């Protein structure tokens, strides 16, 4: 027998964390970025996503080495931001439940995952 | 004492559902939309988000009455898509756990929430 | 001696056409897309951009062959929309001046250009 | 009699300037923004758009007074970036033709226009 239930606090916290990752990725993917503009973009992404409800900390690293490697093979001096150039950690605190989440490349794809759930 | 634990299947399913909502909203918010183009935009949003992993069903309603009310007070014949003009249902199935989620306006804000979690 | 002058009608028409291309690309780049969802996305892009002022015609082709080639080498069954998968024609008519513009790949980059200006 | 002609350098420069405005608006509209995060967002927008070809200068002002006025009437402490909160100047130099362009609110809409074309 299956049952439908309301979400637990921890489940709602994980939903909130997922919203932040989808927001971050699809708001900023496609932004023109170069090694010189990577730092200001990373800071703006962190501060913009930290505005969202229940979001206590966002850490964004734009991978300048990866940018430089891509541009070395290219006629252009900038590219579009995509998951290949990003590592992101997001911490959400929802009604006392802290969820730690991370995005990094895995097998060629930007994988978003829940690292830990505290105090379920 | 607090403890950090790995997410349950249901928590991971809720995280996945949140990603879909953040993606949907921040990919498509800002799109020029009118009553005449609302239907094609709703279909494209549904089909694009259904491409994402674990996403079994997306239903998007672009609220044409709300668009028409906004445009009636306006010199323009189109506006930008935002939460005020959207109602969205997303169903995620992650490792056998089905999560039903919804976005609609509440107190003037587009509220995203988990409606139910099945088979935890 | 240099002189600053107001734009001609044709220059303003070309500015308007550029706005449509920047809008189209940066609104929709990053959208999850697969061969099955390409047609609905192309139609939604056309109808959304045609809402913009002075925009008389938008034709979007999502290159399904290119999508299929990319996905053949991939573990995923969808990807993110980017210029490699797009060919776009936009016609703007501004105060009687018709500008025909196009985006297609050239030397590995999505090149946007003015094809013709009529009736300067 | 109508004639189709290739664009002049000045027309191509205006097309390039329009691309930058459409890019700027549709890449960043929808970004969560508050008075505290306005400065980092403005800097990131400037540096990202300045990466684009022929773009010599971008000046972005996020209107903190307008943000504060909107939030004063609101239960939220942030909002989504939209034209109401932006004033932008973009200078493009294309093959020696300098085009100065601006976006600001006019009659309730974010109006993008060419201010001057130099050295046609």
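Order of writing sets the chain letters: A, B, C and D. Residues in each chain are counted from 1.
Convention: a contact is a pair of C-beta atoms (placed from the backbone, for glycine too) under 8 Å apart; a residue touches a chain by one contact, two chains touch by 3 or more.
Chain identities (UniProt): A, B, C, D = Dihydroneopterin aldolase.
As the structure is a prediction and not an experimental result, all values here were calculated from the model.
When the interfaces B-C and B-D are ranked by C-beta pairs in contact, the top one is B-C. We define each chain's centre as the mean of its Cα atoms; on that basis chain B and chain D are separated by 28 Å. Per-chain Cα centroids separate chain A from chain B by 18 Å.
Centre to centre, using the average C-alpha position, chain B and chain C are separated by 26 Å. Multi-chain contact residues, meaning those touching two or more other chains, occur in chain C at positions 23, 25-27, 30. Judged by the touch criterion defined above, the protein chains are all mutually in contact, each touching every other. Only residues 23, 27, 30-34, 36-37, 40-41, 43-45, 47-52, 77-78 of chain D touch chain A when the two sit together in their complex. For chain B in complex with chain A, the touching residues are 2-8, 10-12, 14-27, 99-101, 112-114, 116-120. Across the complex, chain B meets chain D through its residues 25-26, 29-30, 74-76, 80, 82, 107-109.
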